[in-house]
Each structure stands twice: as C-alpha cells, then as structure tokens.
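Okay, so chain A shows up in both of these, paired with chain B first and chain C after.
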Partner chain A sequence: MSIRDSVTASKGSRWLKQVKQSRILYLLLVPTFLMLIAFNYWPAITALYRSLYAWDGAFYQQFIGLGNFQEMFSDPIMITSFRNMALLTMGWVVIRVVFPLLGAELVFNLRSAWAQYFYRVIFVIPMVIPQIVTLLLWRFMYGMYGPINEFLRVAGLGHLARGWLGDFDFALPAILFVGFPWIDAFNFLIFLAGLIAIPSSVLETALLEGAVGLRRIVMVDIPLILGQIKLVVVLTLINSIREYQMILVMTNGGPGWATMVPGLAMYQNAFLYGRMGYGSAIGTTLFVILLGLTYLNMRYVQSEIELKA
Partner chain B sequence: MRKTSLIVWIASLLVVCMAAVPVLSAPVFGPEAEFEGKLTIYLQAYAPRERRATDRWDPPQYAWQVAADYQKIHPKVEIEFLDETSTGENYDTWLRTRLIGRNAPDIFWVQNFDANQTYGPQGLLVDLREYLSLPNPYAEGFETWGDVFAPQTWDPVKGPNGEHYVAVGDVVVTPWFYNKDILAAAGLDPERIPETFGEWLEMLDKIKAAGYTPIAWAGAGTSGEMYWEWLSRTVFHSIYRDKVEEMDVAEQPGFINLKERVIALEKGIIDVDSPEYRAGWELMYKLAQYFQPSHLSDDEEMAYEQWVTGKAAMFWGGSWQLKPILYDSLREFDFGTFHFPLITKECFPYAAADKAGIMGGPTAAFQYAIPSHVTGKQRELAVDFLMFLTAPQNAGPFIQDAGLFAPGIKGVEPGGETGTLIANMMPNPRQEFLELVNRDPAAVLLTLECRQQTTRLFQQYAADRLTTDQVIQQLKGIHSRTIRQLLSENQWDLSEYMD
Partner chain C sequence: MKRLTRDEILKHTALIVLAALTLFPLYFLIITSFKDYDQFIHHFWEPTLPLRWENYVDAWTEVSGYITNSILYATVESLCVVVLSSISAYVFARYNFPGREVLFYLILGVLMIPPVLMLIPQFLVVRWFGLLDTRAGLLLPMIAGGQVFSIFILRTFFAGLPEELFEAARIDGANHFQLYSQIAIPLSFPIVVTIAMLNFVGTWNEIIWPLVVLSREELKPVTTGLLTFQGQFTVTSYGPMFAGYVLASIPLIVVFLFCMKYYISGITSGALKI
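On to the complex of A and B.
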C-alpha cells in the first residue's frame, strides 16, 4: 500500500467515523430529503417524461414523442402567451428593481433613526397581507364603478373611464400597474441591507469628494450593492416567468388572449382540459428557461460571495 | 360412519351457502336493509348551513331534515354534508383530483353532461342503471326507482349508450330579468314582454335612445364563458332546430349527443363556413352592441349589480337568483321576467325554429352521482340514500325549501317562497328547453377547451378585434383540433355514418 493509498483509506475511515458519530442528525435529515424528492424532484422528473405523451391525467396515454412541443411552438395562442410573458417580465424587472431601490435609498438617507424604523415598517407591512386580498382589491379598483374610474369622473375625465381589465389595449398594462407604487418589501429589505452594509468611511470619503445626492447613488451606492441588484433581477425574472396566479385572479388570461401567459396555459391544459401531457410540455419548457436563469442566479450569488472574500 | 357424517355436513353447508348466495349478492334497499357507516355528501346549492349575520334570506337547510329522517330508519348511519364550494373550473379541478385519488365524497354533485362525456367514460362513476331498474322502497306508487324521475330529468341525462351516472331531481330556468321603471321611462309598456326577437330589438333601441344601458352582460372570466354559452346555444338552436332529425343518427334517439355533433361537423350538417353559421355570429355581434361598455371586464356579480342598482334595464339570470333579487336592498324597482324571444324569419332569414329555445333544463344542483371507487356495502348505502332523497315526500320539501330550482320529480310541484315565480318561468307551449333537444347546436362546447377558446373569440369579435372571416377561420382550426382529440380519445369509428 502506498502512502497515498493509506492516506485515502484513513480519510475514508475518518469520514465514516464522523458519519457514525452524527448518525442521528443524518437520520433526522432523511424525512426532509424524502419529501423533497417526492414533492419537488419526482413531479419535475415525471413531467419531463409525461411531456412526450398525450395523457389525460387518468387513463388515456399515448406516446407522441415531441408532438406536444411541436404543437406548443406552432400554436399562435402560446406564441401570444410567451410574448405577454416577455413583456410582463421586462416590466416587472424594471419596476421591482427601481422602486424598491428608490424606497431603500430614501429610508437609508433619513437622518432620524426613529423615522428610518417607522418608514421601514410602513414599507414592509404590506408583506403580511395575503396576495389574493391585494389582487381582489385591485380588481375592484379597476372596475367600471371602482375608485380609479370614479376619480376620473370627479376629475372631469369621465371619458377615460373604462373596464380596465376588459380592455384589450389596457389589460396587460393594468396587470403591470398592480401593486403601485411597487415597493416590493422583500426587494426593499435586500437593497436596504446592502446599503446599510456600505462602510461609513466610504460614504464619508464620497462626501468629501463632493459625491452627494443622486451623484452618490449612481457613483457609489449602486456599484457597491450591484450584487444585491443582480440577485433581485434574477429572482424577479424567475418569479415573473412562473407567475400565473395574478393573471388567473385578475383576468383569467382575457379578454381574448390579451393577458394569457404560459404558466396559466399550463394550468388550464393540465387541470381543466385534461391535457396533462401538453401541460407537462409547457411546464418543461418553462423549467428549461428557469434552469438557465437559476444557473445565472447561482453564478451571481457566488460572485457576490467571492467579492466579499 | 364418521366419513358419512362429514359428507353430510359438507353437503348441508353447500346447500346453505347456495341458498344464501342470492340473498347475499342481491343488494337490499329500503327500511328493511341494514346499513352502518358514514356517508359523505356534497349537495352543491342544496348544501345545508346555518344562517349567517350577512344572510338576507334563509339558506337551504332541509337536507338536515332528510338526514335526520334517514337516520331514524338507519340509526347506525352517520351523514356528513360538505359545505358548498366554488363551482365551475375550480370545482372540476377539485372533483377530478378527488376522483383520481379515490377520495371523492360518497355522493356528490356533477353536471350530467360532464358525467356522460368525461367522468363516466373514464370509469370514475357508478352507472346507476341496475339500481334504477329496482323498486324504490321509499317511494310508493312507482314500479321502479327510475319511475320517480320526470321526463325532463330522465332521458336527457343519459349517456351516449344509455348509461345513467347521475340521479337528477330538479330543473333550472334562466329568464331575462327586467327593470319595469326603465321600460316606462323609455316609453314602453312595462307589462308587455317581447314575443319575437324583432320586437326585442325595437325595445332595446328605445331603451338605448332613452339613455339607459339596455343589457348588463357578464363577459369576463368564467361568467363570460357561461353567458357566451347561453347566447350561442340560443341563437344556433334557432338556426339548426330543423336539422335535429338529420343529426340524430347515433345512440339516444331524440337528443343530439357529443358523438352526433362530431358526426354533424364531419358530414357538413353543421358547416362553420356556411352563410347561416356566419349569420349566427353576426346576430350575436348585433346583440352585443346593447351591452354595457365594460362588459368584458364585468363578471356575473358586477353585471347583476349594474342591473339591480338601476344602471341597466335587463339582465340574464336564473331561477337561483330569485331570492337574492327579492331581498336585495339595492333594488328600488319592480321587476319582471321574460324568456329569450323567438327568432323569426322576419328579422333573421335563417331562423328555423317554431319554438323559442329556453336556456335551462336538468342542469341544476340536484344532480348526484356515486364514485366508482365506492364499492360493496358502502355503494349500496349511497344508492339507498339517493333512493330516499329522490322519493317525492323528501325531494319535494328539499327542493322547495331551497327555492332555487323547479322540481324534476314526479308528484312534486314548485312551492315555497319562490314557487309561484318559478312556476311562471317554466316554458309555455311556444318554448322548449334547449337541454332537451341539442345542448350544443353550434358545436362550441365539444370540450371545455373548445368552449373557452370560442368564448375568447367572441370577446374579440364583440370588441371589433376580429372580423367574421377571421372568427370563422379560427373556429375551423379549433373544431378540427377538437374533433381529432375526441376521435382519438374515444376511439370512435364514424365511417358507418359518413354515407
């Protein structure tokens, strides 16, 4: 036995010994992993396999190869859905980065610690309201006799009043407008944490160099919280591509297909039309897109750690 | 000696077993039968509940009485009624998941056409035929259980091959509700209802000219699908009524089922590109010009609110809305009802019906099925309870207490608070229930997907986003895909019908 072999053997036995010592902890992890496999990994893997079948979710099943994918990419409704998804994603990335960042900068630059605390709480409170409540409230606000149209009427702009969610030209922008002023609490906290982590010496130097106000934000703050910005961008991309609950509640993809997105099409095909195979194909396509973005996410998060190191 | 006695003993045992076989295998129903266990039941709109502080009228509660009466006969049976849940797509998702997971209630509500087209053929429901041919010990004066059902809740609810998955006990009616004050303000006689489609259009024009919204329409979401379905069925019934015999080639004489609609499309009896089909769409477009401007963003509740607050003159509703309308504090006017008027040749050259098609029929809340995963004694218990529930002395007060629908059980008349109103809504000799003739004359409901896609086409058409040509072109694609899917899934061979 060479020295190298004996070192490897000794490392192996040490590892086994460590595992044995911590066997209770390993055993405690088993249920979590089993659930992960059962509820996260297994459905995803079966969806890949099912996407190659015409399958109704119960009894009818026929192998059709890439037929579902072929249908998906030649279906004008799906093309519209992907276009809507792209538009919404671009819009959401902009507003979910810019406005929380703006909010974080405003709070960060407050001189009073009490005021900082107060505004931080105010911005975060909406986080505890269930999303469905917010969405139903917005649906009410967009109604023909909802507050938005009533405001327009009072302001003498009654001719602009409309059923916003039923208007082909305004339905998609109306979806984007939901949540105004768009201070997403999670993103806001990430940015605020990043700003708080900037060393005071850097800020003092910037002040001495004459970098104040907007100039400091652009020249100092943003470069120093770039890691957080990248993280928020990637997370927003992922959430936007998966998003369909909001559309389901607000418009159900209508009027026509004006607000249809692939996630909703997946849900409808799988659970309403009994076309589980086709729904799986849409899900697989979204999974591939998300996988690419998750890879980007991991890469950016890693670069952030490296930066800190 | 010992051997002989053993043989005698075995022979005796065999004789006893053979004698017991018919007794054990034949299901025994009625007060004499012994049942024990728990029944979980979902009664949809008849689900009983306590009155809440926000209720303006009494909710249905008679199911509790039915359960109590049943438990007097079968004290070892426990009955749990599930609360009323959402309807439409969400319910379908809930039900499909439960059925596949073999976890559905022992008795549950399902639309008979969904049962016949989807759940039944997939083997998820019990075919009740063998039980319906047995006597119902709870219903006196009827030879079989099946005899208790009125004609409108019997033949039309059967599947393509005579399957009977759902016990149906009531009938829904869907009239137009109108505001008498608005009619008077528009210079119309509030007591005179339109007899023909032409008269109705004249009324709508006058109402519009008087500055009122003629029709509050729900065009958004699942409400939009329902309203579109009602409208398309009514209009195309008028166009294809005279083709019913030509279409009625497969099973179930007298009623056009899904397979026959596919045959009709394949043979060109229903031709999407024909002048009459196009004219049908144009007629619906014409009617859409009387809807409120926000109809594509308004669901049923919003449309109702516009009508009940006096912002619109008419609203298409159903018998289930009578109680809300009667008790609604927002309503400050008298209301009347009328049915979709007869479309005549005077105003529409392709009109082919001599009776006005009325939306409604055996598609209400008293439609109960048993899942196929409920077997043995538990299945017999579920059947027994259904026999008990559908006996006239129980079904009558059960339906009347709710006040939502008309009865579809022999010997039961509309009654209770809304009984007279419901009775007045029932079709007269110049009207007929669409559900009893052809529930999808334009073949827009072939599948749920087909229904949703055509709804979206109508939304675009009504909003001038599509021309008639574009609608027809897209419809051809939708029909073609749907037919391919149905032929493949059902393994139908239509060659014998194609001569």
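On to the complex of A and C.
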C-alpha cells in the first residue's frame, strides 16, 4: 500500500487512462449505485440525523439534539420494550438452537437413509408456508376457541382456558412459544449439513473408543460442528433483536404494552402518532446495538465462516 | 443388538412426536378449511365429510387479487435483483479497474444497515418521489436492498470460475455481454436460482413494508391482504378464512416444489462456504 502511495504521482496520468478505458465497467455499475444512493445511503443518513429532531414528517421540525434519546430512556413503554426484546432474544437463542440441534441429531443418528430423508422433509415443510399464514394460524391457536383452549377443556382443565395473547401475564411467553417445538427449518438444515460433513472415519474411531449416544454427541459432534452452532447463534441473536413483524401480527404490542418491542414502538410512533423523529431515534438505537453485536461477532466469533447477515 | 434396536425405537418415537407437533397447525389449517360452522363446532379435531369446497370458492373471490399482486411483486423483484446483481457481481469479479475495492466495500457496507433502521427513511424517500401507494414505490427499495446480498454471493461464485474458459471465449471473439450471458450465468445457474428464490420468498413474506407503503386495496399483497381479510370474517366462518390461508400458500409451495433442491443446497452450503 505504501509503495503504491509513493508512486501515485507518477502514475496519475496512467490511472486516468485506466479509468477512461474502464468506463464501460463503471457504466454497468451505475444502475446498482443509483438504486443504492436513492434507497439506501441517502435514507440511512436521513435516519441518523432525523433522530436529532422533533419532527412530524411534514411541517413541524425542530432540532432537539439528544432529546429523543433522553425521552426514550425515561419512557416506561420503551423501557418495557427493551426488556421484552432482551427476554425474547434470550429465550429464542436458547430454544431455536437447542431444538433444531436435537432434531438434527435424532435424524442424523437414524439407521435407515429412507427415514432420514422422510423426517428431513417433514421438518422442512413449515418453511414453505408463508410466514403470515403461520402467524395467523398461531394467533388462532391462542384464541378463545383455538386448539390450545379446546385441548384444556377436553383435558378437564377448562378453568385454565383464556385468550392467551390478551392476557397480561401470558402474552409474552405465548409469543416465545410460537412455532413450538421450534425445529426451525433453516437452523435444522445447517446443523444436519454439519453433522453429515463429519468424516465417517471420525465417527468410527469414536465408536471404537466407546463414545456412543449422548457421550459422542457431547465429545465429538458438538466440537466438530461448533462453527455451525456459532453461526446459528449469531443469526438467531440478530434476527431476534430486529423482530417486530411477528409481534405486529400476533398482538400489536398488547395487551397494553405487555409485548411491545422497540421495532414495533418505532413503527407506531412514526406511522400512527406522526413522530418521525422519535421513531428514527429508536431505529438508530437498534442500529447501534446491532452494529455492536456485528462487531463483537466479527472480532471474536467469526473465524472461517462468513455471515449471511 | 437388542439395546440398539430399543434406541432406534426411542429415536423414532421422539421424532414422531416432534414431527406431529410441528405439523399440527398445518393439519388443523387444512381440515378446518373444508368445514362449515357445524362441522367445526362438533368435530373440532378430526377431518369431516362432506368436504365444503364452497369455502374455497368464497375465499377465492376475496384473496385472488392479493395473490395475483404477490406473484407479480415477488416475480418482478426477484428478476430485477438477479439481473442487476449478476451484472454488478460480474464486473466486480472478472475485471480490474480503478476504485474496484472502494466501490465493492461501499456495497458491502449496506449489509451493515438493518432493515429496521431503513423503514422510516425509505418511506420518506418513496413519498418524496411521489411513489406512495404505487407498485414502483413498493418494489424499488426492495430491489435496491435485495441486490446487495446477491452481489456479495454472486461475486464469489463468478470469481471462482476458471479464467481459461473466459480466455478461450475471448479468443473466439466473444464480447463482454457474451462472456457474461453464455459463460458466467450458465455455470452459476444453481446459485442464481437460489438467489431468485430467496428474493421471491422474502418478498412474499414481507409484511411491514407493504403495510406502510400501500393503502389501496387493489394493490395489496397477500400479507397485508390477509390481515384485512381476517377482519372481514365473523367467528362463524373459520372455514372460508382458512381456505383463504391455504390459497395464499399455494404459489409459494409450487415454487418450493420446483426449486427446493437448489434452495436447500444454497442455504446449507452457500451460507457457510462463501
């Protein structure tokens, strides 16, 4: 780099010539960059500086410095939102890693190849259903006349039946429970691919050494698919923090603000209460949190694997 | 030997329970979509005869517009992303030109910006362009964002293709466009299909963005359409409502039927080896 720098001056004209020669290449990149400037760079900058304004998105605007952020951290709705986000994230990171891993191990250890294929297809089926349908189905499952309550009535526990998503104590756990038993197809497939990639000689050696069943899983499998596990943990973490689409459909943050999360609060402030500046500040805060996590991930977790962010 | 077979039975039992629980909502969706109110009340758990096909007829009149819109949006979005990103990725992968690294990092940087930050300002940009409540207003930001990850993946693939192929074609007089369309694209076909699919599925599942941009009923895709649709039915008409859900799922299922293999190999190997 430094050598190149020192000879830049003499190369100036050659550089210009190269640029001229490559003009067709730049031309080919123009559509991509026009789109990015209009819909990514410019909006991103807007988002950051608008978070310093009190702004209704139209006529009223006033620079208030960090006022939005101050308000955010004293707003009980926002405090609950961040708490909910933290709880859901912790819950999801555990269950959406453990259960797909359990499923993948069970399938991987089946002896019949046909049965392996069969269960793999079964666990992938939910992936082909549009997310909105899955969410609306779960909303129905939790409803007063949904299968969960019907089951309780059949089991003689009718007094426990309730509208789960409308209950202050149960709404948040109900959100966490969506998708039970949480064999997330993407995570499941990543784990299964990792297990299949373990050389059979390693497994044979493990068998000879007497490492079978749970012992082999802990001593051999998990260390060998650690890369996949880290990847899935990081992706689940990032996705959990920015999840609000699901909560919008399931409860819209209610009852009260029992299931509110920051992303949804951003949406509501901006598009229902016309508080674009405050909404932007919430968005900026989420951005900073995610950026910090991405940095920690690249610094400490990600080694040989690249991220599908 | 006996112990091993007992293990095998245990594993199968566990898997059957997990599979049954995973598929239960879908089972319930399908059986209920064929029931009238009476069947729903009296035979809650099990399938019933006769099948009420009229539920599907009722639902179709409600959701066909949304489905057409979603097919249009998802197709246009994924095609545009594939075209735009494959051209850019090809340029980055196979040519050397001043500023290549800087420009590429400018694109990669977009991956760092989470969609949640972009919701408000993208809405404002679309409004500024006067594109609120139009198809273009919905699609342009999705294409802009969608191309980034695709460029990232395709560039790696194009860069891995052996130079001799391109050299040979160049000697035979192939121009830039022929190199791109007749060598790079055909050789990367599986990953191109995967990218098209990822975008198709992503667009089909997008809820918040169309909710914010579109308010005209005739422009709504399946996602926001179903949210309204849900409201139009009373408690007594779960059958047609669920039939609507099934109909809204069919196009995505068809796409998966054709391209599942690409998709799975794409997410399992692609996500790890890039």
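Note that in this section the second predicted complex is superposed on the first by the 260 of 309 C-alpha atoms of A that agree within 3 Å, B and C clash if a C-alpha of one lies under 4 Å from a C-alpha of the other, contacts with A are read in each partner's own complex, and residues count from 1 in each chain.
What we mean here is this: a contact is a pair of C-beta atoms (placed from the backbone, for glycine too) under 8 Å apart; a residue touches a chain by one contact, two chains touch by 3 or more.
Bear in mind the structure is a predicted one, so any value in this text is a computation, not a measurement.
J.: As a test of reading the superposition: which chain, chain B or chain C, is in touch with more residues of chain A?
T.: C
J.: Contact-wise, after the overlay, does A:Gly254 reach chain B, chain C, both or neither (first, second, both, neither)?
T.: So A:Gly254 only meets chain B here.
J.: After the superposition on A, what does A:Phe186 contact: first (chain B), second (chain C), both or neither?
T.: In the superposition, A:Phe186 contacts chain C only.
J.: Where does A:Phe271 make contact in the superposed view: on chain B (first), on chain C (second), on both, or on neither?
T.: both
J.: According to the stated criteria, A:Gly163 is in contact with first (chain B), second (chain C), both, or neither; which is it?
T.: In the superposition, A:Gly163 touches chain B alone.
J.: Under the stated touch criterion, which partner chain does A:Gly57 make contact with: chain B (first), chain C (second), both, or neither?
T.: A:Gly57: touches chain B and chain C.
J.: Tell me the contact category for A:Ala281 with respect to chain B and chain C: first, second, both or neither.
T.: Touch partners of A:Ala281: none, neither chain B nor chain C.
J.: Which of the two partners, first being chain B and second being chain C, lies in contact with A:Ile129: first, second, both, or neither?
T.: second
J.: Per the contact definition in the header, classify A:Met85: touching chain B only (first), chain C only (second), both, or neither.
T.: The answer is neither, since A:Met85 touches no partner chain.
J.: By the touch definition above, which chain A residues appear in both interfaces, chain B in one complex and chain C in the other?
T.: 57, 271
J.: Which of the residues in chain C come into contact with chain A in the complex?
T.: 7-8, 11-12, 14-15, 18-19, 21-26, 28-29, 44-45, 84-85, 87-88, 91, 95, 97-99, 103, 106-107, 110-125, 129, 140-141, 143-145, 147-149, 151, 176, 204-205, 207-208, 211-212, 222-223, 226-227, 230, 235, 238, 245, 248-249, 252-253, 256, 260, 264, 267-272, 274
J.: Which chain B residues qualify as touching chain A in the complex?
T.: 89, 92-93, 96, 100, 118, 122-124, 219-222, 224, 292-298, 302, 306, 447-449, 452-453, 456-457, 459-460, 463, 465, 488-489
J.: Which of the residues in chain A come into contact with chain B in the complex?
T.: My answer: residues 54, 56-60, 62, 77, 142-144, 162-168, 251-257, 268-269, 271-275.
J.: Would you pull the chain A residues touching chain C in the complex into a rising list?
T.: Result: residues 15, 18-19, 22, 24-26, 28-29, 31-33, 35-36, 38-44, 46-47, 50, 57, 103, 106-107, 109-111, 115, 119, 122-134, 136-138, 140-141, 145, 147, 150, 180-181, 183, 186, 189-190, 192-193, 213, 227-228, 231, 238, 242, 244-245, 248-249, 263, 266-267, 270-271, 276, 279-280, 283-284, 286-287, 290-291, 294, 305-306, 308-309 of chain A touch chain C.
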